[in-house]
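I'd like to ask some things about the structure below.
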Amino acid sequence: MTLSSNQQSLKKMVKGRGLAERHPLNWTRWITVGVIWIVVVLPLTALFLRSFAFRWLFPDILPGQWGLRAWDYTFGESSRVIEALLNSIGVALLVTMLAMIVGLPTARALGMHDFRGKKVVEWILLTPIIVPVLVAVMGIHIVFIKLRLTGTIWGVALAHLIPATPYFVLVMSSVFANYSPALEETARSLGANKFRVFRYVTFPAISSGLLGASLFTFLISWSQYVTTLLIGSGTFVTLPLVLFPFLGGGNAAVGSAITLIFVAPAILVLVLTSRSLGRGSTVMGGFGKI
Amino acid sequence: MTVKPILGAKCLKAIGLAAVIGAATPAATSAGEIAPGFDTWDDVLSAADGTTVNWFMWGGSETINGWVDKYFGEVVKERYNITLNRVPIGDTVDAVNLVLTEAQAGVTEGGSVDMIWINGDNFKTLKEAELLYGPWSESVPNAVHVNWNDPSIANDFGVSVDGLESPWGSAQMVWEYNSAYVSDPPRTFEATAEWIHSNPGLFTYPAPPDFHGLSFVKHAFYWAADDWSVFQKPFDQAVFDSIAPKVWAYLNDIEPDLWRGGQTYPAKIAALNELLANSEVYFGMALNPRRTSNFIKNGTYPDTIRTFVHDTGTLTNKNYVTIPSAASNPAGAMVIANYMLSTEHQLVQADPTRWGWGIPTDISTWTEAERAQLASYELGIATLPPGELAEAGLPEPHASWVVNMENGWIENVLKK
Amino acid sequence: MTAVSIQRLSRAFGNEWAVQELDLEIASGEMIALLGPSGCGKTTTLRMITGLLRPTSGDLLFDGMSVVNIPTERRGAALIFQEHLLFPTMTVAQNVGFGLKMAGVNKAEILSRVNEMLDRVELSGFGNRKAHELSGGQRQRVALARGLVTRPKVLLLDEPLANLDANLRITMRQLIRSIQRELGTTAIFVTHDQEEAVMLADRIVLMFDGKLQQVGPPDEFYRHPRTAGVAKFFRSQNFLSGTRRGNIVATGAGDLVVSDTVIDTGDGPVIITARPETLRLSSGLNEQNSLAASVITSIYMGTHTQLIVQLQDAVWHVQAPPSTAVKEGDQIFVELPKSEIWIIEDEPESFALASALNDE
Amino acid sequence: MKLDRYSLKERLKIPLMVFPSMAVIVLLFGGGLVFGLLQSVGYLPVAGLTDFTFSHYVNVLTDPTFLRSLWVTFRIAFIVTLLSTIIAVGMAFVLREQFPGSRISTFVFQIPLPVPHLVAASAVILLFAQSGLISRIAVAIGFIDAPSGFPVLINDKLGVGITLSFVWKEVPFIGLVVLAVLQSVGPKYEELARTLGANKRQRLQYVLLPLIMPGLLSTWIIVFAFTFANFEIPLLLGQTFPQTLPVQAFQEFQKPELTSRPIGMAIATVIAAITIVLLVAYRRLARYSRA
C-alpha cells in the first residue's frame, strides 16, 4: 500500500497537451450511456412512483390509485422516521467527528512521513476493511452491554467507528500524500504560529479532500444496519432499522418513501463531491492503491 | 426495590459493579404487596409518574404501530404522565434475546426492556429462565375484568401464566383467498392438497419460525392427529413421532407445486401478504380475523380478497404483555398493562374502523351499554361473523410442542 | 528516393490553424529537424505523421503511398515520446520487444533482436530491469531501442533531449545520430533548440505559427535566412535597410557591396543582414564595406568580446576578438565582409513595423 | 538537555500521531475479534462461559448446512466480483473519453456509489419480483400473462436478486477506481503502443489491463470481502435455505438458546479466517504485480 503518488504531476502533463479530443456518439457509447441511465434512474423512479401509489396491483404498470398515505405515515409520529432520521444524522456526525479526531494525525503521518512500522500501521488499517466488522461487533457486544453502552448513541457511534476510521485515514492519507509541507515551513519562517499555519496554510490545502473524506465517513455510518441493530438494542433506532421491516414484503409504499428519505443525503453528498470523486480523483485513486 | 436508571455518563464507573453481580434472581411478591416492591396501586402510579416505558413489540404492521402510538402513547401521557417508547422489532424473539443477553452480561436492573408484547414459546423461554418480573398481573385493578379461571387465559399455549403477563388481545387464524380467481376455497387439508396439485405455483405459507408459518404447520399437526387434545399436554416424543411423519409427508407432497416449486418460502407474513395482493398466489392467512378488511380499506389488498376457516376449525390464542425482571420501569409498564384491560380501551380497540382487535377480557363484567356498543360494530367486507369464528376456535398446543414442530419442519421439509 | 512526402498538410483545432498547408519531401535515410518555438505546430505535425491525429486536409505519403487512412498501428511510424515513456508494467527487454511481439514475431527472434538493439544502445544486461530502476538517460535509450527494433519506415522523436541534463544531451545526441546513420532510418525529430537541430539534422524545417518558414541544411539558416524572423530565431539581430542597385546596397551609413550569389530582389529598397561572428572591426571607412558605429556596450565573454553598437538607425551585435579594448561611446568601424552579407525577403515596410515591435 | 528533549519529542511524534486511530481499531475491532474467538471456544468468564472446547467448531465444520452455506456465500461473492469487474472496466473505458453527454453520464454512473445497500435491495425487489415492474412490463408486451411466468429472481436458488443489488452498487466503485487510474495514466501509453503497432485488442491486453491491474486487485479484494460478509442483502433477498454464512452466524447468535451463541461466533470466526487468508493472499499478489 503505497499511498504517495505522483499522479498530480502526470495529470498536469496530460492536461497540458490539450489534445483531448471530443468523440462522436458511436453505438458503443450509445449503449453504455443508455444502460447507465436506465439502470440508475429506473430503480429510483420505481421507488418514487411506489411511494405515491395508494394501490398498485399486478399487472398495472402505473399505479391504479395515487395517494399520499405512505408519506403521511412516514412523517407521522408512529413511523418514528423523524426520530430515526435525527438519530441517523446525530450518530453519523458524531462518528465523522471522532474519525477526524483520531484519524487526521495518522493520515498525516502515513501520507507525509516514512517511519518504522508504517507497514504494520497500514495492515492494521486494512484489516477492518477486509475482515467483516460484524464479527468484531458480535464479539464485543457482551462487553458493550456490561459497559452500558448498548442502546446509547455513544455505543452505536463506537461500533460505527470501526469501519469508519480506516476509510477516513486511508482517503486522507492520499490527500496528505499530494500535499507539500514546504508551504507550512515557509509560513512558519514568516512567523505564523501553529494555529495560524493550520488555519491559513494546511486547512485550505486539504479542505476539499477533507470534505470528501468526511462525507464518505458520514455515509459509512449512515448505511450501517446490522451493527446498529445489535449495539442499538432496538432502542436506538436509525433510518435503516425503521426501513428494514418494510422491505421484502412490508408495506411497499411506506418502504419506498423511507427508502427515498434514506437515499437523499447520499445523492446530496455525491453532488457535493462529484468533482473530487470524478475523473482522475485522488480519493478514488486512494482506493486503488490500498 | 428501588429503580435507578443508570445514565450513559456513569457507565464507565459501572464496569466494576457489573462484573461482580452474578446471575439474575427472580423477584417474588411477599405478603401484602400488589407487585414486587409495591404495596399499593397508588405506589405504582406514583413510581410511574414522569417515567418512560420501553415497549418492545413487533413493528411490521403500520396499523398496529399507529394504533399503539395514538391509543396508548397519547392516552398514557395525558393520564399518567408516562412516555411510551414503542421499540419496533422484526420478531418478538429479538426482545427475548436481548433480555437473555443482558442477563448473561450480569444486568439485573436498569435493563433496556420494560415491556414485551408476547405469547407462547417466547413467554415460556423467559419464564423458565426466571427472568420475568412479578407476579403482578392478577393484582392490578383492572384484573377484575379478566377471567383468570378461564384456562385459555390462565394458560398461554399451555404454560401457566402465574401472574407474570397480562392479556392484551385475542387472535384467531383465518385463511385468505382471492375470490377473483377462486370461487370455492378448499376447506380441508385434503382438498387443499388437491387444489395445490391442480393449480401449481399459486399457494405457499411463510417459513417457520414466522408465527403464521408455524401456525400453518400446527394446523397440519392438528389435522394429522386423530385427536388434537394430545397437544394440550406437555410434549411427548412418542406421540410426536407417531404424528409427525404424516405431516412431513403431506408438506413434502405439496412442496413441488407450491409457489416457486417450494424452493423457497416467504420469510415473513408480510411477504405472503404482498404475494396475495399481487396475485402471485391466491391464498394467504391472518391471525387477526379483521385484518383482511382493513387491508382492503387501506389499499394493501385488492377488494376481492375474502376469508374463510377450515371445517376442522382454526387456532385461537391470547396475547399478552410481560415485564422482564431487569426492567428499568416495571411500574410504568404495569400502568399501561392495566389501562389495556379497561373496558373503555377494549371497546376502542375492538372497533373495526380503528383496529378491530379481539377482546381478551370477560365481557360479562361489562355494563349493558358497553356490551350494546360492542354489538353495534359493523363487520368489514371480508370479516367472518363472530359466531362462525367462535364455533371454529381451537386451543393452541402446549408451548413445549412448538419448538419441536419448528425444528422438525426445518429438518424434514426445508432442508430436505 | 522520397520516404515521406507531406503535401499541403493542415490541421485546425476549432477555429485555430495549428498547421497550415505544410509541404515537405523527406529522402530515405535523412534526418530532419522540425524546429520552432513552442506552439508552432511541430508536435501537431509529428502526431499527424504517426496517425495519432487526423489532418484536416492535405495528404501524407510513405514511399509514394498515401497513409492518411491507415491507422497508426499499421503505419510503421515509431514515435519516441518526450517523457521517455516506458511501459511501467514491463521489463526493459519486454519494452524493447513490444513492437515485435505485437507483430507476431516468434520468441527466439524477438530475443535476439532485442539483445542486439540493447547492445547498440549500450544497455546489454539491463534486459530484466524495470522502468523505475533506470536513470533518465537509460530510459531514453530503451525508448530509442524500442522504436528502432521494428525497423520503422520513419522514426519520430518528440523533443528527444529535452528532459536530459547537459552532459547527457551530448552523449545521447551522438548515440541517436550514429544509430540512425548505421540503420539508415528516416527520422524526424521535433525540437525548439536551434543548436540541437543544427548538430543533429541533415535538414532543418523551421515553423512559426503553423506555417513553414524555411527548409534547408543547417548552415543556410545562419548564412541565408529567408526572413528576419528566421535570422532572429538563429540569434542574429543585425538588420539594416538600404536601397539596392545591382550589387551595391546604399545605406545611410555608407555603400555596401554584396556578392553575386545573393538572391535577386531587383533594384529598390532591401534589408540586409550579417551574423555577428562574421563581422570584423576595421581601421577606417576606406576599407571595403566598412561602416561607422558607436559602442553602446562591450561585454567580455571569455572566448570573445560581445559588442553592441549603434549602426546608423540600427542596433547591431558584433563578435570581436577577446582582446578588443573598446568602451562605451567609442567610435569604431565595422567591416561587413562581402560574402557574409545577405538580403532577406521581408518587405522593408512591414519589416520596419515588425522590428519596432520586437526590439527591446 | 534541551537537545535531548527535542529529540525525544521528535522520536515520539510519529507514535503519537498514529496512536489514536490504532487504539480505536485495536481496542474495538481487535478486542471484538478476540472476544468473539473466546466465545467460540466457550471461554469467556465475563459472560459466564468457562468450558473451553472446540466442539462448536467441530459441529459447525461437519454440518452439511454450514458447507452448503459456505458454498452459496462463496459463489455469490465470486460471481458479484467477476460481473462487477467486467461491467465496470468496460464502462470505465467508454466513460474516460469525452463525447456528447459523457460528463453527465459519468455523474449518473456514480450515483449508486454512496447509496446504501438497503436501497439497492429495496429497488431490486420493486423491479425484479415476480409481480415487480419488469414482470408487469413483460405482461404488457405480451411475453407472459401471470407473475408465475416471470423468472424467479428474488429469494431464488442462484441468488440473482442478491447479485443484482450488489452489482448495482459495486460497478461504480470499481469503475471509478479504474477511471481514476486511467485518467491519471492518460492516453500516452496507448498512443505509444499504437505507434509500436499494437491494435485495439493488443493495447487492451498488453498495456491497459496491466496498468489498471494493481487498482483492480485492491478493489476486487474489497468487493469480494464485502460481498462475502454482507448481512442485510442476503437476509432480504436470499432464499430461506441455505442462507449465506453471515446470515447463519447472526441468526445463531440471536437465538434465545444460550448454546447457540458460541456456534454463531464459531461461524463468524470462520468468516474472519477466510477473509484474513484473502487479505494475505492479496498482499502477496500485489507485491508481485508491483515488483
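Think of it as A, B, C and D in the order they're written, each chain with its own count starting at 1.
Keep this in mind: contacts are C-beta pairs under 8 Å (C-beta built on N, C-alpha and C of every residue); 3 or more make two chains touch, one makes a residue touch a chain.
Being a predicted model, the structure only gives us computed values, none of them experimental.
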More contacts between chains, B-D or A-B: A-B
Furthest chain, CA centroid comparison against subunit D: C
Centroid distance [mean C-alpha coordinates] between subunit C and subunit A, Å: 55
Rounded Å distance between subunit B and subunit D, as computed from the means of their C-alpha atoms: 38
Interchain centroid distance [CA atoms averaged], subunit B/subunit C, Å: 93
Residue numbers of subunit A (touch at least two other chains): 13, 58, 142, 146, 244, 248, 252
For subunit C, residues that touch 2 or more chains besides their own: 83
Multi-partner residues of subunit D (at least 2 other chains): 46-47, 131, 147, 155, 188
Partner subunit D, residues of subunit B touching it in the complex: 19, 23, 93-94, 96-97, 100, 104-106, 122, 125, 201-202, 207, 260, 263-267, 274-275, 278-280, 410, 414-415
Complex contacts: residues of subunit A adjacent to subunit B: 54-55, 57-58, 65, 67, 69, 73, 76-80, 141-142, 145-152, 154, 233-235, 237, 242, 244-246, 248-254
Sites on subunit D touched by subunit B in the complex: 46-48, 65, 129-131, 146-148, 152, 155-157, 239-241, 254-256, 258
Subunit A contact footprint on subunit B (complex, rising order): 6, 8, 10-12, 14-15, 18-19, 54, 56, 59-60, 62, 65-66, 68-70, 73, 85-90, 94-95, 98, 101-102, 104-107, 110, 112, 266-268, 270-275, 277-280, 298-300, 302
Subunit C to subunit D touching residues, read off their complex: 50-52, 71-74, 76-79, 81, 83, 85, 87-90, 98-99, 101-103, 130, 146-147, 150, 156
